[in-house]
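The two complexes that follow have chain A in common; it is paired with chain B in the first and with chain C in the second.
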Partner chain A sequence: MLTIDNETKLKDIVAETLGVDADEIEDTTTPATLPSWTSFNHLTLMSAVEEAFGLTLSMEEMTGVKSYADLAATVGRHLG
Partner chain B sequence: MKITQSDLDLFSAASHDVNPMHMDADYARKTAFGEPVVFGILGALAALGHTRDRNGECLAGVLFTFHSPLLRDIEYQTVVTEKSSEKTTVDVFDAGRMVLTAVFTFQPSEQESEEWPAERPGVHRSEPSEWTEAVLAGGIVVAGNYTPDLAKLRALIDRWGLRRKGVSPLQIAILVWSSYLIGMELPGKTALFSRLRLTFETPAETPLFPLVYRARTLVLDPRFQLLKIALDVEAGGLTLASGQAASLIRPESPVSSADSLRALLPNEPRLLGQTALVIGGSRGFGAALSLGLALQGARVLLAYQHSAVEAEAVRSQAGEAPGKIELVQGDATDITWLQTLCSQIQEDGGGLDMLICNACPPIRALAFAPEALGRFQEFITQSVALVSAPAGAFIDLLAKRKGWNVVISSEFVRTVPAEWPHYVAAKYAIEGMTHAIQAQQPSVQSLIVRPPRLLTDQTNTPMGRMDAMPVEAAAAAVIRRFSEPAPDGVETMERFDPLIR
Partner chain C sequence: MTTQTTITPDISNFTEEARVDPSALLKQAQGLLRAGDAAAAEPMFRAALAQLPDSWAAVNGLLKILDARGARAEAADLLNAFVALSPTHSSIMSAARQWEAWDADPPPARRGTLRIALTGTGTLNSLASHLRVACAGAGLHAPAYVSDFNQWAQDLLPPQSPLYDFQPDLIAISIGTAELFPRTVSDSEATAEEIAAERTAGVNQIAELLAASARSAPSATVVLHTFSVPDYSPFGILDAKTIGGQRDRIQAINARIVELVNERFPRTALLDQERVEARHGKDRVRDDRMWYMASMPFSDTFLPVIASEYLRIVKALKGLGRKCVVLDLDNTLWGGVIGEDGINNIKIGGQAAPGNAFRDFQRALLALRGRGIILAVCSKNNPDDVWPVFENHPDMVLRREHFAAVRINWSDKATNIAEIARELNIGLDSLVFLDDNPAERGLVRQQLPDVLTVELPKDPAFYTRTLLGLDVFDVLSLTEEDRKRAQQYQEQAERRQLEETATAKGGDVTAYLRSLEIVAALSPATPFTVPRIAQLINKTNQFNMTTRRYTEQQVAAMSEDTAGWGVYSCTVLDRFGDSGLTGVALVRKGVDVWEIDSFLLSCRVLGRGVEDALLTYLLSEATSAGASTMRGLFAPTAKNAPAAGFYDKQGWTPSGVIAGDENVSAWEIAVNSDANAYAYPEWLTISRA
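And then the complex of A and B:
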């Protein structure tokens, strides 16, 4: 579970990387609902999240992120 | 918007970017994209042409994201959005699939935006740099002077209607420089431009060319070969732009290894005296199959169309193998050529024990949408022709020896990747055709091979490589199947377990 500050930070990263406004990002946001969430942008997003939160995601975690909710949960697990 | 080969030629001449991914059809054919791709910056400039005119403004910054390479002669759709008066976003789609996002930010300017700097030559490379991964990971700096071909740059601006778009010739020169930098300098030959963020300064006076640039590697992420680079451009002592670029580094084409195959195949040759024809045998899975069959003692007729160098490399790898590889060059959809080859095999007093249809057109991401139906149907037609023509020519010869009719399908017929609907449809068509041929000619043994994602030129992208199976493992499993009891009807092979010795 992310703190409110980290949730805001994560949404800002997603919004910046995927070229949308932060308030457009919801738990149900997926590559299918957001055209700019392409396979290349997925890599860019994972890289940006790692850099911003100072963590390293495994390949399984990266490929396991299928939605914003998955991403938030993954980051939450790392931050404890 | 549609970009043609002449547009690539003009952009290349203007920018001095001659990266073979864009300008060498033979080189590009052997990449995951199968043909030359459009310069990313050219796509962004074409997108800029779709924005409204801006008087009294100049470019303050850009953010380009190249989601997927643009290809020639495709009618792309553009969606222009202005969330504020100073910011325009152009999203470029291919039949609903986003391929490029270009964000332009503007600011007021009193300068005449069409003022041209005087031309003084810079220095540019004629061949792209080639850096090792270790050098890039260690960090390097590239610096130099650059002047585009100004006559060609003018033609480029006119081609895409870029006058009055709030972007000065100098700024367009900086944008085309970024293409030159990525494609020719850093990372150079293996580049796939992915992202560009630039912030422009507005000098009080228009400086002279050449641009003086400095690019420094920031980080190379080894997991998906993503290189981030810091950029600075100035001229005449005036800072003009700075920012960051990202480029994927395309890995070298995977090449089949005879040693890997030997380790996966039985020690003793089990296919001595047998003849195999491998359609599409020069690269990827077909090369591994050809090589493995020769290692098991078979005479292999390796059919290829374009890749003579790669075909010869497969033959030479067979070296002292118990079998041998003979190269046959032609179009595997040309029934006349195939029938002539069939006659030659018979005149040589031989028969055919295995027909392996592996060839497939380049697989490019495609949406199932009305705008893409032409490409969808063309892909299926080509795919089916690459199996139906060889089967039509050789099935009777194959039946004489109760030989194997082998078609290469894919596990994707079950998992169905969203971006490859044409590929899935083609593989289902080929599988259906194999059942029909078996019903008509029960003497043959039919094997439908459904390997998982294999590491080949077709999948040699950062995401495509993830979890891809080496071709040798899948090829060895297929070859081992030939020395086991014949199937009853059509067999579908979906397991590719390593040999347990």
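And then the complex of A and C:
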């Protein structure tokens, strides 16, 4: 689980990378529900998350993220 | 950031939470904006931005509002300021997305537009984003086209393709070494013949790409990445001494590329991929995960590095380079203060720090001078203390004769620097100022914002690196004039001295001009003079009638089209030296009317009758061709006041403004049917090709 601060930070990053407001992002947000979540922007998002939280994701983790909830869980695992 | 300082937001109607927490304020503003209340949201976004200047959410909200009410210029400034403050990969990608959204109706760009097409190995979209944001920072609107994945051959070889339909000004070709030369990179068992065959095939393929782009996009500048050596070799440590080892093979490919470009495609620019990668660290050039997942050849950390290398090329292409370095002395050229420490105690040269660092810095400056950058001195000192250092100190690299202008006095530096610019006849935007004293830098930055005042590091150990890292001294081809330029400015100082003596004695100007023994050589352009002609067209601002810029490719095409265009130049020589090719005229040849599209002269030779001679030459050429009327154009700019009234003074008749461009006025004169009717200024010796 992410702390409230980290949740806010993560949503801000997703919002910036995908060009939407943070309020519009839900756990159920996926590439299918958000047209700007293209495969190219997905990788930009992964880089931005790594940069902001100071962590390194594997290829498997990056390709495994299919929704905002997945992303939050992955970041949560790294932050412990 | 203008947006932070110009508006003090009224926060009286903000909620209590919003007043103390900028994030809450942002959320409230976003909510209002979504509900359509931009007027209420704007001051909130501004207040949030004042506290969170690197917040994309705040910038983005404000951008939407500015965009909606058409405040494009402010929006563009805001975006550039944001990237400058927060140059992270994600900021740059966000900014690029905004620029792309503006492509259909872009904000005004100070330096115009540069259309960039990128093609090569892998997915180059991120590179395009970094390039366009870097260009925006330099005042250029840079719409970008990126080839589909690995479609470089399909995009470059046919006469028509999406890439050519984009009508690029710049075509960048970035092909990975391993894509074109796989065995060269990784095969330790291949024979020399097999490697040679791969090299020949690959280089031939490059030649075809360059030939095709020269045919299909003749006015575009092509930038070709050279091939880099990977950070590991299949030969292990033996690679270094193996003939036909990996490094040896790749260097042979690059040598062939250099030959090819010089022999057949001299206007192609090479981007030194090897050097740029080495500068960054080869193990960080590619993010292997991104390469295997998405074929991205360059990592997030390398992209800004390669974008800034591109910017050097772009600045050279657009004539945004600088011509002169103005140097402080104490603690800039040497360690210590000459007026206090004395000649025997200042730190310069020798084996020990910091004298050795100052010596290397002087060497780097001397090398800049060797490629045509002018050096000048601006120092608060007593001249009698300073000159013995330049004349007698055994370890000085720079000597008195290396400086084209000198101000050693106790006046303020802004005044001195403005004087130096006037003396050298160059614009303030051609100057770079280097001074160790932050107070002096602050003054010059504030008084003369067009001068590039460099943030010199405190430690002289880093002076040389800072100087070499400046991206403002590059040219796409080094002409003979560039190499001689520093010398020419000294000759100019001698001429000025003679002129002052001549006029002080009450002597007439004609006698002075005659004493210069000026020879003006007038001729149509040749393949040898085209690069210099293009260079002059792109950097002459003052005596330039229309300030129309043309690329080297365009000038070459005009000079080959002798029926439609006349491309003429003038080189000037006098008793003090060779000023080189310093005058250019481009004439659009109609059946009856010859129209002077461009007419420009380097300020170094202005006021000596050369401009009259070049115009006379055009008229006599028009006579030979049977034209009846010569038309000259003038378009005023912020800088070309010296050119105003030129056709008037020649006795030509105003004929109104040009249809469709009211900024351009025209003058006309009847062409005399007898070429002998034209006389050149009597003090000039004219040679005509």
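The definition used in the following text is that the second predicted complex is superposed on the first by the 80 of 80 C-alpha atoms of A that agree within 3 Å, B and C clash if a C-alpha of one lies under 4 Å from a C-alpha of the other, contacts with A are read in each partner's own complex, and residues count from 1 in each chain.
One rule holds for everything that comes next: contacts are C-beta pairs under 8 Å (C-beta built on N, C-alpha and C of every residue); 3 or more make two chains touch, one makes a residue touch a chain.
From a predicted model like this one, the values you see are computed outputs, not experimental measurements.
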Applying the document's definition of touch, where does A:63 land relative to chain B and chain C: first, second, both, or neither? both
Based on the superposed arrangement, let me know which partner A:48 touches: chain B (first), chain C (second), both, or neither? second
Between chain B and chain C, whom does A:28 touch in the aligned arrangement: first, second, both, or neither? neither
Touching A:38 in the superposition: chain B (first), chain C (second), both, neither? first
May I ask you to decide whether A:12 touches chain B, chain C, both, or neither, giving the answer as first, second, both or neither? second
Give one of first, second, both or neither to describe whether A:3 is in contact with chain B, with chain C, with both, or with none. neither
Using the superposition described at the top, determine whether chain B or chain C touches more residues of chain A. C
Contacts on chain A seen with chain B and repeated with chain C across the two complexes: 19, 21, 39-40, 43-44, 47, 59, 63
Please name which positions on chain A make contact with chain B in the complex. 19, 21, 35-36, 38-44, 47, 59, 63
Please give the residue numbers of chain B that touch chain A in the complex, ascending. 63, 65-68, 83, 89, 91, 93, 96-98, 101, 103, 194-195, 221, 223-224, 226, 246, 248, 462-463, 466-467
Note: in the complex, chain A contacts chain C through residues 8, 12-13, 15-17, 19, 21-23, 39-40, 43-44, 47-48, 51, 58-59, 62-63
Chain A touches which residues of chain C in the complex? 23, 27, 30-31, 34, 55-57, 60, 88-90, 93-94, 97, 123, 125-126, 289-290, 292-294, 296, 300
